[in-house]
Structures are given as C-alpha cells and as structure tokens.
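A, B, C and D label the chains in the order they appear, each numbered from 1.
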Amino acid sequence: MRSTNMRKTVRIGLIGTGFMGKAHALSYLAAGNVFEDISRPVLHMVADLDAARAEAFREQFGFSGSTTDWESLVTDPDIDVVSITTPTLFHKEMALAAIAAGKHVHCEKPLSVNAADAWQMMRAAERAGVRTATGFNYLKNPLLKLAREMIASGELGEIYDFNGIHAEGFMADPQTPWSWRCDARGGAGAIADVGSHIVSVARYLAGPITELCAKLDTPVATRPVSAGATKRREVAVDDIARLIVSFERGCSGTLQASWLATGRSMQLAFQISGSKGTLAFTQERMNELRYFRAGEDPRGNGFRLIEAGPSHPPYGAFCVAGGHQLGFNDLKTIEMAEFIRAIDRNSPASPDFREAWEIQRLIDAALRSSRERCWQVL
Amino acid sequence: MRSTNMRKTVRIGLIGTGFMGKAHALSYLAAGNVFEDISRPVLHMVADLDAARAEAFREQFGFSGSTTDWESLVTDPDIDVVSITTPTLFHKEMALAAIAAGKHVHCEKPLSVNAADAWQMMRAAERAGVRTATGFNYLKNPLLKLAREMIASGELGEIYDFNGIHAEGFMADPQTPWSWRCDARGGAGAIADVGSHIVSVARYLAGPITELCAKLDTPVATRPVSAGATKRREVAVDDIARLIVSFERGCSGTLQASWLATGRSMQLAFQISGSKGTLAFTQERMNELRYFRAGEDPRGNGFRLIEAGPSHPPYGAFCVAGGHQLGFNDLKTIEMAEFIRAIDRNSPASPDFREAWEIQRLIDAALRSSRERCWQVL
Amino acid sequence: MRSTNMRKTVRIGLIGTGFMGKAHALSYLAAGNVFEDISRPVLHMVADLDAARAEAFREQFGFSGSTTDWESLVTDPDIDVVSITTPTLFHKEMALAAIAAGKHVHCEKPLSVNAADAWQMMRAAERAGVRTATGFNYLKNPLLKLAREMIASGELGEIYDFNGIHAEGFMADPQTPWSWRCDARGGAGAIADVGSHIVSVARYLAGPITELCAKLDTPVATRPVSAGATKRREVAVDDIARLIVSFERGCSGTLQASWLATGRSMQLAFQISGSKGTLAFTQERMNELRYFRAGEDPRGNGFRLIEAGPSHPPYGAFCVAGGHQLGFNDLKTIEMAEFIRAIDRNSPASPDFREAWEIQRLIDAALRSSRERCWQVL
Amino acid sequence: MRSTNMRKTVRIGLIGTGFMGKAHALSYLAAGNVFEDISRPVLHMVADLDAARAEAFREQFGFSGSTTDWESLVTDPDIDVVSITTPTLFHKEMALAAIAAGKHVHCEKPLSVNAADAWQMMRAAERAGVRTATGFNYLKNPLLKLAREMIASGELGEIYDFNGIHAEGFMADPQTPWSWRCDARGGAGAIADVGSHIVSVARYLAGPITELCAKLDTPVATRPVSAGATKRREVAVDDIARLIVSFERGCSGTLQASWLATGRSMQLAFQISGSKGTLAFTQERMNELRYFRAGEDPRGNGFRLIEAGPSHPPYGAFCVAGGHQLGFNDLKTIEMAEFIRAIDRNSPASPDFREAWEIQRLIDAALRSSRERCWQVL
C-alpha cells in the first residue's frame, strides 16, 4: 500500500545555527515523528551570517534552503513559524519583524534584554494574533507536569516554601574569557542566562511572584579579553544572584542563580514543601522526582523516588516502558510539539511571550532591588 | 541559497510496529539528522500483519509505503537495510530471507531462540557479505564507551571482578498474565530478555567468557492465561537467572537477570574492580558513571560521579554542553548511526550477529548448566 | 596487674534530663573512654524539677546524686563543669549562676533568647575566666573539619558562594500542638531552633557575616493549644526564615531555616563554591562530603564522594577503619572531649559563648530585617 | 538525694586490644548507659600479650586490671563474661577454656577456622549452659530488624530473590603486604573475613540456606612479605568469593565477598525482592533502607528512602528524634546490650555460636564447592 501523507504541515524558518539552533532543528523534526496529533513541522529555511555554516546546517538537517539574510527569512511567504536562537541582543528586532510578517514566533530565553523590550514583543504578538513561545525547555519535563498537577490538586496541601536554584559552573574559572554574556547591553548575567529558568519553574509550580529582595554579585570582576590574553575586561553583569520572593498564593521562597558553581553542569533544582507533602527535584537527574507524602506510618515511610514513565504524559509518546529515560532533546521535542499544537488549535502556547515578559519583569526588579538595596513590589 | 541535498541515502525496511518498531523508526530518522558523516536513512517501507496499524505507522513516521507482507518487504529492490523488531521466534526466518535478498540486517535482541539458529543467521550473513547489527542498545552509551576505554587502556589496572545484573519488575506480579515471553518456543525467559543485555555489557567491557555455572528459577510457576482469568498456564521459562562466570582475561564475575524485581524498571547495573580503580554504573542513571581512582590521598578521594558530556563521544553530536543528558532514544540513535556507518565503510558493525551468537551461546550454556547442575565450558 | 587509675577527672553537673540531657550524659561518659588525652568526665549530679525523673536518670547513667534544685547544683563545690540542657528561656539565669560560682559552663544552643542576654552571659564568663561551650554539635563532624581546612588552605580557591539550609519537618503538620517553641518569650522560632545550626556552619566555614537581609514567615499562624484540642493559640515566632548574607571575606550567600519542611528530618545542608572547587554536604548523610576539584581532565572528573575515615581526625579515635560511620552521639562525644580539652589546657573552647553571641546577634538582626524590610549591618 | 546504684552488674573480661577490643570496651560501657533494662557491664580485666599495651588499655577504659595471661583471665572467678577479639586462629582454645570455666562468651566473627571447630565450641557451650554471642554487628541495625519484620510478616509477599554482597578494598593493592589474613591456617580469606557478614545477613533475613555453588578466586596470588619488601609470599586464601545459593524457603540468591573492591570501604549491600515489595540496603548508608511497595498508583510511587528513627527500635534508646543517625559503635552497643539481656533472662542470644557454626558450615561448603567445581548440599 502506497499513499500520500495527508498530514498537515507547518513550515519552519530558523535563525541561528549554534547550540540552540541545532536543538531546534532536531526537535522540530522529532516532534513530527513522536507526536501524531500535530501538524508535521517541515524545515524550510535556515539563516546564519556565515553562508557556509548556514549551508552545512541546511544539508545536515534537510532544510529546503539557507540564507545569510534573516530579514528575507522572516518575510518568506512559505514560512509559518520563525524560530529565533541568536544572542539575546538580537531577539527583539527579529521577533518584531517576524510578527509584523504574520509569523508565529518561537524565541529562545531570555526573551529580551529587559522587560520593556519584552513588553513590546509580547504586545506586538498579541495584537497581531500570532502564537509565541519561549524556550524554557525544562518546564516540558513530564515530571514537572506531575509536580504542577500535584500542587494544583492540593496533594501537597498548603504550600509553605519554594526553594529553587539554577547553578552551573561554565564561568567559574576566572581565566574563562570575556564574552557577549558579560556585556550589559545583552541584558543581565547569570540571573538572565540560567536564573530565568528557575524563575520559570517557580512560577510554573507555585504561581505569580509579587515582591522580591535580591542581591547580585560579580565575584569575577574582570576576564581576559580572549582566551589566554593578559589584558582583562570588566564584567558588567552579575555572576551570582540571590532572591527572596513572595508568591501571590501567600508563601515565600528563594531563587538563586550562578554560573560560578564549579563542578555543576545542570543544578536546576527545587524543593517545594506543603502541609501534606514535599517534592524535590534536580535537572541533574531529570527522570527522577522525589516525593514525600505525609500521614503514613513513619516506620515504612520516606521520600519516594518517582521514575519517569508512561503514567507521566507525554513520556509514553517516546517509549511505552518506564525507566527508559528521556534526554534533553526530548524535552525540546515536547516543547516544539506543544507550540505546534497551540498553533494548530489556535490557542495560547505556554510559556509564551507574556510569560517570558513576566519573567523579565522579575529579573529587572531583581536588578533594581540589588542596586537600591530594598524590596521591590512587582 | 537553495540546493539539492547531495548526501547519500540508505533505504530502510522495517518489520514490526511495537515498542521497538517505533524506536527504530525514530532513531533512523534522528541518526540522519544528528550525525552528518553517515548516509541519511530514508524510511521506505514498514510491515505489520495488521494493515491499519502498518498504515498509521507509515503515516506517523513518513515511510513511503506500508505492507502486511514482510516477505515482499525483504525482497523489495528499493530497500538497502531490513530492521526486524518482531518477537524472537520470527527473527530467524525473516533475517535469513533478508540476507538471501542481499540486505543488510538489523535484528533486535535476543537474536534467536537458541545458539544453533543464531549460528545459522550469522553464517548466512557472513557468507553473503552483508552487514548485521543487533539491538544491544545500552552498549551505545558514551559512558560505556568511556568505561571500555578505561579498562582497555589499563586505567583500572588488572581487572579483579565484574559484578553485573539486569533486573526489572514487569513480571513480578503473579497476576500478570502469561504471554509469548513465557513460551519456551520463543527461547529462554529473563536470561534472554533482559539477561542478554548484561551479558553484552560484560563481554563489551571485560571480554570473552570461557565458562559458567548457572541456576535458573521460575518462582512464578503459573500465570493467568489472560488478564483477570482464573485459569492459569505454566510458565516454561526462567524468571530469574544467576551465573558465575570466568573471563578469558583471567578474572571471574557474576551475571544476574530477573524480571521479578518488584519496583525496578531498569536496574542494568555493574561494578567492575581492578587494582587501580573501580567503575560502577546503573542504567537507572544512564548519564552517570562512578569512578574510583586508587593511589590518591584518601583525605580527599572518593568515587567520582562522572556526568556525560562532550568529552564522551558522541555525546557532543547531540548537545555541545555537558549535563544536558541523553535519553534512551538517543542511545538507539547512536546504534543506528554506527550501523549505517559500518555499511558506508563496508566494515563490521558492533555488536553484529557474530557477537549476538556468542551471547546466545552463553545463554544456552546457562540453561544446560542449570539443568545439569554443573559448570559448562564455552 | 592491678593499679589505680591516675588519670585526672573533671566532675560534671547536668541540668535537664530530656533529649539533650541524655545526649550530654552519654557523651561525657563516652568522651572519657574514646579520648585518652583528656581528663575523664565524672557524672556527679543531675538536676530536674521532677525528683523521680532525676533519680531514674541518675541511676541510668551512674551520677553520684540527683536533685530538684538546680541552684544547689551550680554551687556544689564538688562540681567543675555545669551543663545546661533546659529550654532556652532558662539558660541565662542558670549560666550566670554557674559562672558566678566559678564553674565552666556548657549550654545548649541557642544560647539565649536574644543577643543582649547572650552578651551578658559571654561577658560574665570572660570576666570570670571560666571556659564555655555551646551545643553546635554538627560542627564537630570530622568532615566539616576537613571542609574548613580545605577552605582555609585555599584548596577551593577564592570562595564565591555559600548556600546553606537547615530544614526539618517536625512542626509541618498544622495540627501539631502549640509548645514553648512557639512562644516568643523563649526567643525566635525556626531561625533560632534549627537556623542557628546553619549559621554556625556558615561562620565556621566561611567566616564572619557583615550584613543580611531576611524574611521570616509563619505559615502556620495558629496551633491547637494541646494535642487534639479544637482551641488554637497564636504562633508568635517564625516557622521559616530566609536570609541573604554578605561575608567579611567578600562573598555572599544564603541561609535558610524551616521546621515546616515536611518529610525532612535533618536537612542541614550546604554547598560552598570557589574558583578551584566546590564542597556539598548534608547532615542526612553525615559521613559523606562531596568534593569537586577543578582543573582535571573532564573525561574522568566529577564530584567525589569522600567517606569519613581515619584520615579525618578524630574519626580514628572511634574506629581505625574507614567506612564504619560515626553517628550523632559520636559528634556530641567529640564536642564534649574538645570542651574538656579546652578546660585542661586553659584555652578557649569552640564554639564558646562569644561565638554563640555572634550567632545570636545575627538572629536578632534577621528579625529586625524582616520586620523593617531592609538590610541590616551587623 | 544521694543513693547507691542498685542496678545489677555483669563483669567483663576482654581478650585482645585491637580494633575490635576497643569496640567491645566502648560498647559494653555504652550499653550500660543507653539501655536501662540490662545489668550494667563492668570492665573487670583486659588481656594482651603486650603488658604495656594491656595496661594502657586498662587505663583508657577503666578496667580494674590488666594481664598478659589470658588463661588466668578466663578462670578469674570475678568475671562473668569473656569477650574474645583475637585473630581467628586463637578463638577455639580461648572460648573452650572460658566455657570450661563457666563463663558466658562473646567471640568475634568468624567464630573459628572451620566448621568442625565451630561445632566443638558450640556444643561445649550448649552442654555447659553458658550464653554465647558472635560479632555479626551489622545485624543489630534497627533497619535490618525492620527488614526482617517486613519479610517475616509477609509485607514483601513471596520472596523471589536475595542478592547480597560484602565488598571492601583494603587488600586491593597488590603491594599491600601478606598478613595473617592470608594464611590458610587461620581459615578462609575474604569469604570468612567479610563474606561471613553477608551470609549472616542472608540467613537473618531470608532464613536457612540448603545448597550452594561457589567459585573462590585469588587474583593477587602473592604479596610482599612485609611493607615495601621485594620478596613475596603466596596468598593461600581467597580474595573474592561468589556463591549461588538456595534458601529453605524456596527461593534462590547470590552472595559475594571481596577484599579487592578498590574504593569500597563498606559495601555490605543487599536487595531482596518479593511479590509485594523490594528492599535495598547498603551499610555505606546504614541509616537508610530503600523500600518499594507494589500495588500503588505508579504515577506517584517509587522506592521510599526510609530513614532510621524512633519507630525502629532500639533507635529511640540513643536519640528520641529521627534523622540523627546511628554509627558503627552504636550497632556494637546494641549487640552487647542484647547479649547481656540474654544472659539476664537466661535465654539464647542471637547470633550465638550455633548460628556462627551454621555460617561456618556454609563457608566450608563454599570452599569444597569451589575446589570440586560442583554444588554442595548443606
């Protein structure tokens, strides 16, 4: 039996070919294969300033074409969705152009260099009626969906505390050279780069944050201008951020971010405690969620190590048997599938630009709080 | 810039649409995207006895066609590679037919119901000069490649011991109904189903096994003929297997297999000790390898938790940053890429049918050893 | 051979027979046996308001006598050391009386209900020239001594961050009745009860704290007046405390305390990161310290799990072989031995009343910071 | 109030002042303090061939006297209990002499160099009507008592499997010199030294063992005659032992022992699976027991980490609050308390010489099985 594939398609234009560019290409393709219910993403065009690089990328992933001109990409009538994976500094211009051309837009996190820009981007998209998404991929973990459900349904009782951190060590060596991440024109430092993830998790699980007090530090005040250079340049952004926050629901918590955490490559971790239970998680063991259920006989009770499995959708779309483990690219695949599904259904994706703006607002407030040494109401 | 993709392709025919059929489809597609150096796999035809299921599968993954007739698939001139994911009982007939048609063959593990059949399959393939592979996917973990290198290079010193197990709990409930896995016509039980994995790991890391003593048990002697039935049917295969083995290199070890390990979903674990170091691993935390290096100051020494990262090829093909974690489907992707690469280079794949025959020989010897209550030389 | 034991002795008077009273009695006795270099503690007198309880305690531990009158105990000329294990509210009066009588004083933590009282106690002791100690027992862990050494010697490089918490769940159930711990007359709540421990650890490892911003919450605002009662009473102290702190050495950190952490019984944990390494610890696994050493080949590097052993003094005094593990009472034994050794040598014990006053100062500042919603300089 | 302590006493004579001699002295003393219901052990006499060492030991722990003549110790009419902590080779002569003198005898493990000797010792004690105990201290862990209860009460359902190991690395370096442990006159090697512990655990939890097949290896065939020597001496005993065993209750299992496990200091670990649950434990985390309970909703189920606490007697005798952790010496204290209690009540202690003989029988059978390469019925 031969037939034509009647499944609808959605055509992707991708800007950027770095770490995240590759992750987007792979996960759009995988999303179409793993999930039957969505329009199949088709890789249409990739843009990179470097023509050879763009072309090699095109060939590797099977895009129909490549270009060095992102502006032609965002206006290409054959493209439905634009994915932006460039440094933060360029997000706004690209996203606004894509929105203006009527495209649905996926933009990597952090959405923009500050909340004002994020507001503009979000408002433009909402007015244009296009769908948006931002790359807070860790929210796509089936175990985080489980955690959210358990909290929302009251299984943890009244929430007392959210204790979250995202710590990595990729900038821990003072000899690691200065890069665009150290440039304040690109937005904040660790609080934006990794901290935005733990902020997204906090909001996803515990809801809106209403006020905060923050302290941002830059222990590595200067860095070599390039690898091995003796000349050093000032680091204008934070290396570490520490926040005390209040949630709208009534409880408080802490959020921490660092890119100086020597030896840590993915300590995106939280503990959330309530009157009836506690959940603990670290992305370092992304297929495990620890759960303590209060009220059982202490003789045989303790934190349960829940392993991701088919009872945690959409794990089953990847593998019918438990214990087989998802990887990072699978989270990205879920992210893309959910975005395409939102487009298909003409309903909001999550997290969208509005959510990303809320996160950016919190980051801006943290910078103000640290500078002014006082609490900030959001 | 638009161009035709000049990358070579290899056309896949897939038999079976279950758990492993889906894993094959996904991973052939992903392999072409993740790895640039291999011919791009193209999904050509899928076969399943159930026409509707085959057609739905075709549509989901973008095969060119579907069929209910596996025999026509294996002889289809447009197909280069046949992937077999049916129950073990059918492997031999299908593989021999595909080999006879000059196809390269990937066949899921265990390769066959006994060593004699595996021998036939292996010999047929070697005579025909086609490439073969078997689905011992856990060997594809970058951290197992690291372990193998460390052992081979002498970093662990003289190897003293290999202690391995593969335990799962999917048959632990005595009310779980009888299935084809319980039928001796399909080969051995847990020792073949999960045990073949730990055998493959033992051989991959520590080399050939020369003798063994085994005890196989069937604690759940009967099972309901179907879910909820009161009538029960005899389980004719092993639920648990325990082996003491000797390696050609001089050391000994143990290998254990169980599908009655209540609560375990993927306890494929080993500890290998040598005079200069020890490695410990469990597939439950597949992105972690524990390593103790002897000879350092005990004050600050201990088992190191190595996290998978770019220094463990081919992790970097999936993600440039450490700590992001691979998942099960990524292992399968590496497996398919290595198979295609072997075809491209006209060199043996690993593990191929010869390796799978060696594993099957060991399983057969374990059955004999348990029956005759004595050691068996391989 | 029979002989008289010529070892010097030190005679102990103990006030209080609860959890800590028992721990003191056991550990004074054990200290004399485990450590040969100190005067042997002799249990002389125990005081409790309940005569029968005091007498039973006397008999269990072999005190020479018991009393209901703590004032006679502190003035007993046959007593060298007074140990105070009553509720915090009574510490000051008892300690001052003991100091006035020229006794060396061990007082459980927190030292007092506020810093002013702690100051008085400390000053009285210093003027009297008696030795003092407070029960921050977790500092006595050989692995914390190792951590301190590694930090002090520069093995971690420049310290970037201290992230500490002490969370337990013993008050997490809103039906757990009101107790003296909920009464503000006895001092602060969780920040004093468990938080003082993590403050002591932070200071022990990273040094003095110069400023802080804090938020204290009381999510369980009322509690039953007694077990099962429907009438509820207001909780006047904090259930959870969150602090951002600055250290004199230049880095910052966070300190958190909670007695509402459902399911946690001893989450006294920290992570301290520096330019050359990171240490991570939780008292839940008190015989393990995790250590990442930067600068090694990432292929085989990772956090090391250091197990307590003879290379971590004074572990070897308890057991000559590694891996045998110390328990909580062993920490208390080290504490008592160090106190007696300080008395023997006429040198300051650590942590003494001065250190306890510093900790109390910080707690008071945290209360002010939370009330006034602003940073406090210490 | 002053009074005479009316508690009954039991007078101890201790032979040997090494690692275990010290552990006995400490734990007899602690047992009398921690447990109120037993006669208080009084340290009467210590014997060591080295007079100065014996005297120093006497003084440290407060024995009434010391001697170099163990024979006078075992016949001393003022002694009720003799504790034997010498190398295995001397156990028999000393124990028989003590029994002949009517003493209750505690003898460290392994009880003797072979089962015949153990039989003599056991029979002598039973005929004399004295109480005996052997030092399988790990059985005294409150969490092992819990495990035993859960198995006995059927909470784990039908037991399918016992997978046990005791691996340490103290002999892993081939340059570690020859010692009395390597001399076959002193009994077997790793199987006796560490293996006897896991045998004791297997029997304690899963009951009698009826047959076995074993392989014993000596990878380090020679060792320097002394530290740093170039001359090497043959190791006449096993370094590693691997056993497959059948239990009387119907299930099978494995037992492994090694003193060549580089990096392991206390891997005394087991996993026991049944139709309704699984328990997993390692002495490396002796205050934790992992428990999976079948039959719960998989969405929120997983292995529970049970922490030792007051609901696991006799933990509460050491500390009223959970999470405070016991240490190795606390296990020894429980062991001594149970022995004294058995003497007080004139009832059998456990494990006594009869149990130790059973363990020794199994070790002898393992040696035969390995030599003859066949199964042995016990």
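The rule we apply is simple: contacts are C-beta pairs under 8 Å (C-beta built on N, C-alpha and C of every residue); 3 or more make two chains touch, one makes a residue touch a chain.
Computed from a predicted model, the values in this text were never measured in an experiment.
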| item | value |
| --- | --- |
| Interchain contact steps from chain A to chain C (minimum; 1 if touching) | 1 |
| Centroid-based (C-alpha) most distant chain relative to chain C | B |
| Inter-centroid spacing, chain D versus chain B (mean Cα positions, whole Å) | 41 |
| Chain C-chain D separation of Cα centroids, rounded to whole Å | 34 |
| Distance from chain D to chain A - Cα centre to Cα centre, in angstrom | 53 |
| Touching two or more other chains - residues of chain B | 264, 302-303, 307, 309, 322 |
| Chain C residues touching chain D - in the complex, by the definition given at the top | 1-3, 5-7, 19, 22-23, 25-26, 29-30, 32-34, 36, 40, 51, 54-56, 58-62, 64-67, 168, 170, 264-266, 283-286, 307, 309, 318-330 |
| Contact set on chain C toward chain A in their complex | 157-158, 160-161, 163, 165, 167, 169, 172-174, 213-215, 217, 219-220, 239-240, 242, 244, 246, 250-254, 256, 258, 260-264, 271, 273-278, 292, 294, 302-303, 373-375 |
| Chain D to chain A touching residues, read off their complex | 146, 150, 155, 291, 293, 297-307, 309, 311-312, 322 |
